[in-house]
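Structure in structure tokens, see below.
Chain IDs A, B, C and D follow the sequence of writing; residue 1 opens each chain.
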Amino acid sequence: MIVAERKPLSEIIAKVEGYNRLLIVGCNTCVAVCQAGGEKEVAMLAAALRLRFRDRQPAMEIIERSVERQCEEEFNQVLAEDIAHAEAVLSMACGVGVQTLVEQFPDAIVLPAVNTKFMGRPEERGVWSERCIGCGNCVLDKFGGICPITRCAKSLLNGPCGGSENGRCEVDPENLECAWQLIYDRLARLGQLDRLLEIEPPKDWSTARYGGPRKIVRKDMVL
Amino acid sequence: MSQATPVAKQVLVLGASSEAARAVKELLALGYKVLWVSGDELPSNGLDSPALAKYANCRLYALEGHVGRFVSHFLHQGQRLALSTSAIIVATGNERYFPAERYGLELSSLVWTTSQVKEQLKKPLPQSVLAFRDKRILLLLDWSGETSKELVSESFSLAGELCERCRSEVYFFYRDLTVDSPGWEQRTRELRDKGVVFCRYGEPEVTVGEAAVSISYLEGTVEGDLLVLPEAVRPRGDTAELAEILQVRLGEDGYFQELNIRKYRAGLSARKGIFFAGRCHMDCDASEAESDALQVVAAVDALLGQGALEPEEVIAYVDPSKCIRCLTCVRTCPHAAVQVVEYEDMDVVAARVDELACWGCGACASNCPVQAIEMVGQEMPAWVQGV
Amino acid sequence: MREHPSVIVVGGGIAGLTAALNLAERGAHVTLVERDSVLGGNARTVCCKAIAGECQLCGGCLLGERLELIVSSPVELLLETSVARVERDNGGFLVYLEGAEKSSPLRAQAVILATGFDHVDAHTKGPYGYGILPSVTTGEEMERKIKEEGQGAYDALGLHKVAFIQCVGSRDEHVGRGYCSQVCCRYALRLARLLKARQPELEITIFKMDIQNSGRDFQKTWQAAQEEGIRIVAGLPAVIRRSSEEPRRATFVYDDILAGQIVQEDFDLVVLSVGMQPRRDAEQVAELFGINQDRYGFFAVGDDLISTIVPGVFVAGTCQAPRSMAEAAAHAQQAAEACYRYLQELAL
Amino acid sequence: MGDHQKIVVMACKHSAGEALRELQREGWALPDGVEWVELPCGGSLDELHILRAFEAGAAAVLVLACYHGACRSLDGSRWAEKRVQAIQEMLAEIGIEQDRLEFRNIAPTMPADLASWVEALHRRVLAPAGE
């Protein structure tokens, strides 16, 4: 899923200070699961902002809404009236959700309330970590199912650098495992260590972000 | 919502320990159907009844359901076996080992464990007695670390038996003499009367020679023919695996049941309907373990004896139409009462709190990212809903 | 169909409450008789010994929950009531009560005695100067003071050195108590840790015969106490006197057995770890029900530690032997089991 | 809003609740302006409810949960403490003094402490306004 994190309150406060009618819109998909922007987070943010501006006269009006998936216009349709009423919209969805609102409601001022971080998974309760950078050309089969592009800090494809120590990555030994240690262990477990003898040619990054914004068109699905 | 659910008076007892046997016997006497299952051999101690089904050498590999309707899945003689019970008593006991490293000593003809002495004493006469006849035996307790109650108790018994049956001269070395169980002080006094010599040490010096052993302590040196060391106990090797299957947490020390004064000794696990009895969760000797089994049976009967279960006054309820199946509640619930299931009548997949397994603690509700869980029966002020 | 069997539980402390609740949950008609005007017994003055946010597993809080459960249970509560006379009645008992609103005697098939214990009176240990020296107190008093005044009850008393003396009135045949009171090592160590946690500079010494450090609940406490610098000395003083330099302090000489030296030391506070003894009315109660007492005066039982020589009379908790609260509760539950089985057999 | 005339105590019923009832049996009563919200467990403490308490005009919120290791639902008291810390951080950003949100561990056997904490908080945040 897409993993996000609420922006510091002070930053949000600075963004919304100039408005008096605010709509906060959460998204009950990825950002709800990673506890950054679901219905509960919307309610918390709203309560916090009301408290922050509690002395303002007239009182700041804050409307709280959450939609099923903010990246889909159909789900956002119910927001039309509130968006028209609000001076600004604070979106707690990922960046995709924010931009969907912008495209769908071209007159609205839409502000992001979360930082969209990565595609990842929950390792345990309250801990999420990145698993995929969306390079557009999956090579997981070659590395025992562990992605060196995402999980190696240097995205190395032909073995570890010199900074791997006790299975940890030199970039952040406390928090990062060396992906190449994981790959080695996994291949050893599968009895496929010989795969490491194959030299991996330089990666074609054109399928990744470096080819510009990407788009998929399924011809069979477009009339 | 608070309707009583009928439950069968049927209990699964896990383990081959003496406390398991005691629990089985007591449950049968109370009219329960008992399924007695162990990964090892089961003792053949005349416990037979039409209400008892025994399965030895049987491995639990999965547990489904909740209190009142657990389904345990076993592998038994190559066959899969599913057993339904209303409650589960875990009485798997503990495991003994000789802590050679801690003692810095190897077992030999001069250095025995308490178990070895016990085994020898069980042999037929005169073998059993001759091994210790007129010998001076040095029993050394709590040397280099903790000593379990079970082994202290056993050492007391051995010291008495050696004195009485074998006319051995027994020296009982200790740092702190454990007498904190009813009647134990009396036991030590009786041992003194039988001739056991109690010696307190600070840091003893143990020497194992060619033909004799000696212990130097505060008041001098005692030489003997045999050094007897208690073994140590630890959680059984399969405890962690079993805990995972039962979805209960282990304490820091690897035994069942975290030390929690609200629960420990009461035999209650964090999961309703799962109970711990005896040495798999507490430090006690064999007879205390059996007593523990009895009080656990009393708790089981208080739960199931009336033939029906009722939910707590406050329980969590998931609104399936709001649930986003994020698993937060499943991961948070300390009582393993939440699962993501298919609501057949509503044709949705969502989290469901088992109303009988729920303790009503509310951890799921306060963690839910979409406010889909309500604590039914909990009164909250109006402002909680927003001003 | 037979009517519900009825049981009288005598004593409303932790053991009595536990036994009564278990039997009531199992459908027995239970009457709980308590001589005091409130339930709880000795457990009421036990304080919480948690430190730095962590529970020390003392079990002091096991009472409150039971007090709340009993009120909503079907157990009939008779406060300020004691047993005056007991007659055998058709295989059961006819129990005449004193002080109850009820004047007619109660019929019961079985009785559980859970009459509890008395703290050892520290006055009986004359040479320790309890009641004379202002700086000599008891563990019981310390618990009570902390319970009544709060966790910080000893914070502002200007203490520097505190001694705990173990086995006061326990393990001592000379005073007729040749048994271990089970709880004193545990409460002393836990109280010591509580004081130390609140006043880290406090010097605390525990004078002991043998530390009873068994039990998984206590191992942690025992290890932590040593790590925290609580000093343990093997050796007990014979006499405690007023310090000649500072009259509010106490002084004593002790033989540090392990160090092999004789030492004199002054303390601001000396806590006598008093143990348990049979209740002063244990003899009367035993007589009323026709049961025996053991050599120390606790109720005598069979090998199961529950059954008395009178069928249908069971004992629970500290009236049988010293026990911690958790252990008393466990014993009471076991007594409830024995009692329930007895009732079942009676019904057949 | 704005009439900061109350203190909200969010309390686990198993520890603080029992202590309160013991106090009440002895004749003690919560000071005026103290609203007692009883929770089934510290684990059910909802961050949102703390914020809503402030929104509803609380001058201070006191959260009481069991000592760690004594929670019958294992983690409840730890959850409560963590949540209080998280909300304290939020309060700092909102501009509310952090000491208006207090967390304490409590046992059922601590009625004396409960009374003194509540009274002290009452003196600190409510009494000056009343003068």
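Here is the rule we use: contacts are C-beta pairs under 8 Å (C-beta built on N, C-alpha and C of every residue); 3 or more make two chains touch, one makes a residue touch a chain.
Predicted model only: the values in this text are computed from it and were never measured.
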item	value
Pair of chains joined by more contacts [C-beta pairs], B-D or A-B	B-D
Separation of mean Cα positions, chain B and chain A [Å, integer]	46
Distance from chain D to chain B - Cα centre to Cα centre, in angstrom	38
Centre-of-Cα separation between chain C and chain B, whole angstrom	26
Interchain centroid distance [CA atoms averaged], chain C/chain D, Å	33
Residues of chain A whose C-beta touches two or more other chains	40, 43, 47
Contacts with two or more other chains, residues of chain C listed in rising order	55, 57, 61, 65
Where chain D touches two or more other chains at once, by residue number	1, 14, 47, 52, 55, 69-70
Overall pattern in which the protein chains touch one another (line/ring/star/complete/other)	other
Pairs of chains, among all present, that meet the touch criterion	A-B, A-D, B-C, B-D, C-D
Chain A residues within the chain D interface of the complex	8-10, 13, 40, 43-44, 47-48, 50-52, 54-55
Touch list for chain D against partner chain A, complex	1-2, 47-48, 51-52, 54-55, 90, 93-96
Parts of chain D lying in touch with chain B, wherever the complex brings them together	1, 14, 35, 37-41, 43-47, 49, 52-53, 55-56, 69-76, 79, 83
Residues of chain A touching chain B in the complex	28-29, 32-33, 35, 38-41, 43, 47, 66, 124-125
Chain B - residues contacting chain D, complex	249, 258-263, 270, 314, 334-335, 359-363, 365-366, 375, 378-381, 383-387
